Amino acid sequence: MYWLTAIVRPFKLNDVYDKLIDEGIGGMTVTEVKGLGSQRSTTEVYRGASYSNDFIPKIKIEIAVSEDSLERIIEAIVESAKTGKPGDGKIFVSKIQQAYRIRTNEIDLDAI
Amino acid sequence: MYWLTAIVRPFKLNDVYDKLIDEGIGGMTVTEVKGLGSQRSTTEVYRGASYSNDFIPKIKIEIAVSEDSLERIIEAIVESAKTGKPGDGKIFVSKIQQAYRIRTNEIDLDAI
Amino acid sequence: MYWLTAIVRPFKLNDVYDKLIDEGIGGMTVTEVKGLGSQRSTTEVYRGASYSNDFIPKIKIEIAVSEDSLERIIEAIVESAKTGKPGDGKIFVSKIQQAYRIRTNEIDLDAI
Amino acid sequence: MNTEALAFEHNYIFNTIFLLFSGALVMWMAAGFSMLEAGLVRSKNTTEILTKNLLLYALACIAYQVLGFDIMYVDNATAGWLPSFGFGIDATAEGATQPREVDFFFQVVFVATAMSIVSGAVAERMKLSAFLIFSIFMTAVIYPVEGYWTWGAGFLGASVEDGGMGFSDFAGSGIVHLAGAMAALSGVILLGPRKGRYSSKGVKAMPGANMPLVALGTFILWMGWLGFNGGSQLTLNSIEDANAVGKIFLNTNAAAAAGALVAYLLSTIIYGKADLTLIVNGALAGLVTITAAPDSPTPAQAVLFGGIGAGIAFFAINFFDKIKIDDPVGAISVHGVAGIVGVMLVPFTKDVSFLTQFIGIAVISAWVFGASFVVWFAIKKIMGVRISEQDEYHGADASECGIEAYPEFVGSQS
Amino acid sequence: MNTEALAFEHNYIFNTIFLLFSGALVMWMAAGFSMLEAGLVRSKNTTEILTKNLLLYALACIAYQVLGFDIMYVDNATAGWLPSFGFGIDATAEGATQPREVDFFFQVVFVATAMSIVSGAVAERMKLSAFLIFSIFMTAVIYPVEGYWTWGAGFLGASVEDGGMGFSDFAGSGIVHLAGAMAALSGVILLGPRKGRYSSKGVKAMPGANMPLVALGTFILWMGWLGFNGGSQLTLNSIEDANAVGKIFLNTNAAAAAGALVAYLLSTIIYGKADLTLIVNGALAGLVTITAAPDSPTPAQAVLFGGIGAGIAFFAINFFDKIKIDDPVGAISVHGVAGIVGVMLVPFTKDVSFLTQFIGIAVISAWVFGASFVVWFAIKKIMGVRISEQDEYHGADASECGIEAYPEFVGSQS
Amino acid sequence: MNTEALAFEHNYIFNTIFLLFSGALVMWMAAGFSMLEAGLVRSKNTTEILTKNLLLYALACIAYQVLGFDIMYVDNATAGWLPSFGFGIDATAEGATQPREVDFFFQVVFVATAMSIVSGAVAERMKLSAFLIFSIFMTAVIYPVEGYWTWGAGFLGASVEDGGMGFSDFAGSGIVHLAGAMAALSGVILLGPRKGRYSSKGVKAMPGANMPLVALGTFILWMGWLGFNGGSQLTLNSIEDANAVGKIFLNTNAAAAAGALVAYLLSTIIYGKADLTLIVNGALAGLVTITAAPDSPTPAQAVLFGGIGAGIAFFAINFFDKIKIDDPVGAISVHGVAGIVGVMLVPFTKDVSFLTQFIGIAVISAWVFGASFVVWFAIKKIMGVRISEQDEYHGADASECGIEAYPEFVGSQS
């Protein structure tokens, strides 16, 4: 099993979500985060003092996936999250040892 | 060492917390997240237009644990977070290579 | 590649950020979290009833790093986040299998 | 035109202007209570308490128009206790010094005030429908009956010469504020505390979600109270009236100021911090205290009285938590306890006995508490007064109104 | 000093006090609209709508001072339709019963009210600059012209004896509220709905970000409306005036109360929950309805009329969503539909024909809708009325004002 | 009753009604400042600034009652400079045209206004206790002394015939607003800027947490200012008074409108966006400017004057940041700079010399700045004026009040 962490643009969340549902994933967990990367932040002026928020709002999507579907899901995210401009985000993949479904005590592939 | 990621219902946080303290864990990190899974969201009506939030508020608990205590802690979370209805959440386990305590420069098991 | 998760004090975020930029890292992702550990929370009184928030606001910084720079970056975080008082936080390191840059389809070291 | 006719006409106009603008200020207090209470509850119960406040005001206006005003003021026997049921907002009596409609408008906003007091105390756990049904009884019958006994020249309020007791409560420390607090108290007792409020670990703090609303509500009430007490002079058509109203404005303002400062000092001494929510309770308790007689104390006395009322209310807030009466906004202490203090301070500046005042308090309290208890109890039996535990957990906003107060701001606090 | 001179002087003072304080209450309605609208939009458009409301009030004051007042009231022919362009705030006419400045102040706050109605309906997608330019035309010309036709004794409002039609609209259900709604409607049609609002999946709910502001705005408007309707008596210098104004306060308050209750009942019956935003729309629709004749109904009729207006407006809100007219705050239903209801109810309590009232509505609607459409259309052609899709996505606060309304609270809702 | 007696009595009542309701509007400005300031600070300092505003109002009322009013108005020598210490709220003089209590009430709310100005400028870093102690000195002594010199007919304000200078400041551009700004300025200089505000990277923006509160506060102040300037006519018992007050309402409103528009234009031209916080500063600067003489300009002049004051204040905001005077809400620019502009514009519409006006400004500024500096300095030496760096980091809410303003909303912005 793999743990897939995708950082995407907030306004792409809906597209990614629709796409992943199409791909038949059963669940995911979403967090509001702030990101720093090659994307430059905009500068605002407040009462004459300019300021820029170095950190840009992003959405982190975490999904536990089986080995089989890993490639397909990465594909799906890349496709639905891309705009081509800096700031589109990244996907990171790591291994999970175990998974449990609290409600049923099911484990591993049955749990996700 | 293992990294344990549990997704639980917000209103169970206190119970899980009490249970984990009983189990003697030394620390944990909690994040407010939104989840998607088998649990169905409720539909609300606002000015006659109905809407449903597909994403349901959840709490993510992250704990670094030693190999010894892993099973015991998973047990504790399952026990205290279960309601038996869809949406109880999951626990995912992965490996950690290293751990550092910033204050003391202690490492690995001493750090967690 | 490694996935580095650092929990630090909110008010140290700026220092850590400046230091990491100095170290030349290309990106990171930041989340507001609540932590529990050896640091004791303060007790407040509201309308005569005292209460303490067991959970203390913390900042979680996540960075994907190459093997080479791992030590240097850990060093940098420790240095810039330390106050010497309980609550300074931890750094956890785990492995990443793959990384993708959504915008360009670059992978692994090129992606981070 | 002769001078007498002119004087009569102008006095009529003076009274009208004065009472209408005073009444507008009292109407405005409905917003004050709404904001205060919305700031002191948790965000998950905010829409519901706003809805409650808006609807109680609306219901009070209609119920008092249909029945309450008739019970309180129309065709009743002087010094009696059983109200008649005459009907008559429209008819301005021959020789009246202001239009009947103006009287009504000024009175109707008082009813709403009394009812507003209740909503805060039962916050975060009561069914909206149960509350609204109670509102009808309170504003159509319970309050008007004791209103007749006092301001309507019934047995309490009629002068001794007229066969009454001469109970003195200028603008309603007892008649309005204590009455509201008693209706609240009986409701709270039947309802029980918010889940998790009292446990073996002691009292759990449940901080209000929005302090600017608390401050705003307080300023609104402070402003509105100038109309509440000032307008209670009822006429402003002579030099004596003008002097009285001037004094009332000054004293009302001074008592509120003193109340805020006393609460600040107590909070700082006892808890080490300036708890804004206790300070606003202090200001309001000062206002409630002076309300029974804002026209007679010297300004220095007004400061003293406001301070005393606020000090006693301060400790009452703690006391009610000790006996597990859960009042999220402190309404019972601020309006009930300070209301009693206010009524009992009247003999220091007016010619009335402590006994009379005490009897007045006892009668109002017994009637409102008793009648309210019966109504709450009946509602409880028939339809229940409390939302389910699950709904309380998720907040009354979702279960009662279907909309969140701040849909974009709040983390999963629940 | 003789009695007549005294009476004259005092009447002059009475009118001045009355109109100035009533006017202050109407001015206060600008805050009410601001808060109501700021609460009903999403947080990313909040600063912009506040800015819009503040600036429209400012613009309305200047535009009406420079041109609008002259068009509406100065040197016009009775029962005519083409206004003259006399200029004259300063000159108080010989024998006038109050200062000209007081007349102006009371009138200028009405213009701002009419304009405030527009801002809510076009919220969350219009360019600030386009809106402000429209405001100038609306307050300098469009509203004043129909104002002349009606209150300025033009062909609609002049009495039948004077050669007019005798159209009756006491405080402006049609002249102010319907007019505002018509300007809004033409703007909304040209502007289109908010992105994502209507799709094959139906109507997407876009919940307002801050319910306490919604309630606060409603209470402010409710309070201000006492001055809006009361002050429209224009003089308060006789017993008759006093009686009228007393009745107006009572009826205005009662109609609002009835409107809130009707909307509560409908919301509970149809949707199962007490939707606060619909309830406030109900209260405001009740107010709009009674505004055409707050001085003639009995209190019971006022309750009835307020309830009818609120009920019809309730269904209108749904209807406009059906035909994809996107009005985030319900302004067109509340001010337009209830405004029509109010005007058409006048014949039940006053001696005027339904036909006259209907013609009045038709003329006002046609003029305001048509003239506004032309202005909106020209603005659209010349500079565009709508912010870019990307700006709409990120919110008008960022693109128009550069500052967030709640920079520390909001998650990435976008 | 004879006509003269009737006229006397009615005039007394007119003045009373007028001053009390005007005073209520000025009292309401305390809420305006609270909301404005609470919206402009960061959320971690919001409860503290609300507490400060509530308590300063309370303290001002008591301090002015105990000492300030006596210093300012009782038993002083005409055209003198050393106040006596007579005591006398209660005594209404024989033949007075309104009750003494009414005078007092109208004056006491002005003191609170002056003090409110200070709280915004020192926000986010001052100890609550230090601020409150300063408040006592300011409202009991510093303001009353210059108040005596001017409105109390001391050497500045007494007419030339009476041996004074004839300094002219109708409602207090200098006496109230500049005075408040000077007290603020001396405090800010001793206190230093907020940590992190000025660095080698330039000025760091610290955006206010809640824009709806900013807009609400502005509307409240705008409304209250009608009472502030209007009520400063002090009597409303003749046709001349009525004309004057009508003009004042019109001009006050027009100057505010012009100020808002000028700030909008400047903000749009210079920064490219409509910065709401600068626009509200513009509206308020317009109000401050017209306050020195709202009764004499034509409406067109009022627009001009309001616009000039707002324009100058706009650039002053930037200037103070350049010289590292950190004023989170712009109070020194809006009340101080525009206050000076207002006083210096008086000679254009009234018969007074620029020199006299200039001397008045110099004396008021020197006295208030100097005396305030001494008091702030003493407080600093004895107990410190500034919270610790750590407390400033975590916010004054935690250290001073122990409660968060929005406990459920805010992420760890710190």
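Every chain is named by a letter (A, B, C, D, E and F) in the order it is written, and numbering of its residues begins at 1.
Quick note on the criterion: a residue touches a chain if its C-beta (ideal position, glycine included) is under 8 Å from a C-beta of that chain, and two chains touch if they have at least 3 such contacts.
Being a predicted model, the structure only gives us computed values, none of them experimental.
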Remark   = Under the touch definition above, the chains in contact with both chain B and chain D are C, E
Message = If I rank B-E and A-E by number of C-beta contact pairs, which comes first?
response = B-E
Query = Just curious, how far off is chain D from chain C if you go by their C-alpha centres, in Å?
reply = 52
Query = How many angstrom between the C-alpha centroids of chain F and chain C?
reply = 47
Ask   = Roughly how many whole angstrom separate the Cα centroids of chain A and chain B?
value = 18
Message = Quick check on chain B: which residues sit in contact with 2+ other chains?
response = 31-32, 44-46, 58, 94-95
Query = Could you say which residues in chain F touch two or more other chains, in rising order?
reply = 3, 6, 10, 17, 21, 207, 210, 216, 271-273, 275, 277, 402-403, 406, 409, 411
Remark   = Pairwise touch list, complete, is A-B, A-C, A-E, A-F, B-C, B-D, B-E, C-D, C-F, D-E, D-F, E-F
Message = Quick check on the complex: what are the chain B residues that touch chain E?
response = 44-51
Key: Sites on chain A touched by chain B in the complex   = 3, 17, 26-31, 64, 94-103, 105, 111-112
Key: Touching residues (chain side chain A, partner chain C) in the complex   = 2, 6-8, 31-38, 54-55, 58, 60, 74, 77-78, 81-95
Remark   = Interface with chain E, chain F side, in the complex: residues 3-4, 6-7, 10, 14, 17-18, 21, 25, 42-43, 207-212, 214-216, 218-220, 222-223, 226-227, 230, 236-239, 241-243, 245-247, 249-250, 253-254, 256-258, 260-261, 264, 271-277, 279-280, 283, 298-299, 303, 406, 409-411, 413
Inquiry  = Touching residues of chain B toward chain D in the complex: what are they?
reply    = 10-11, 32, 44-46, 57-59
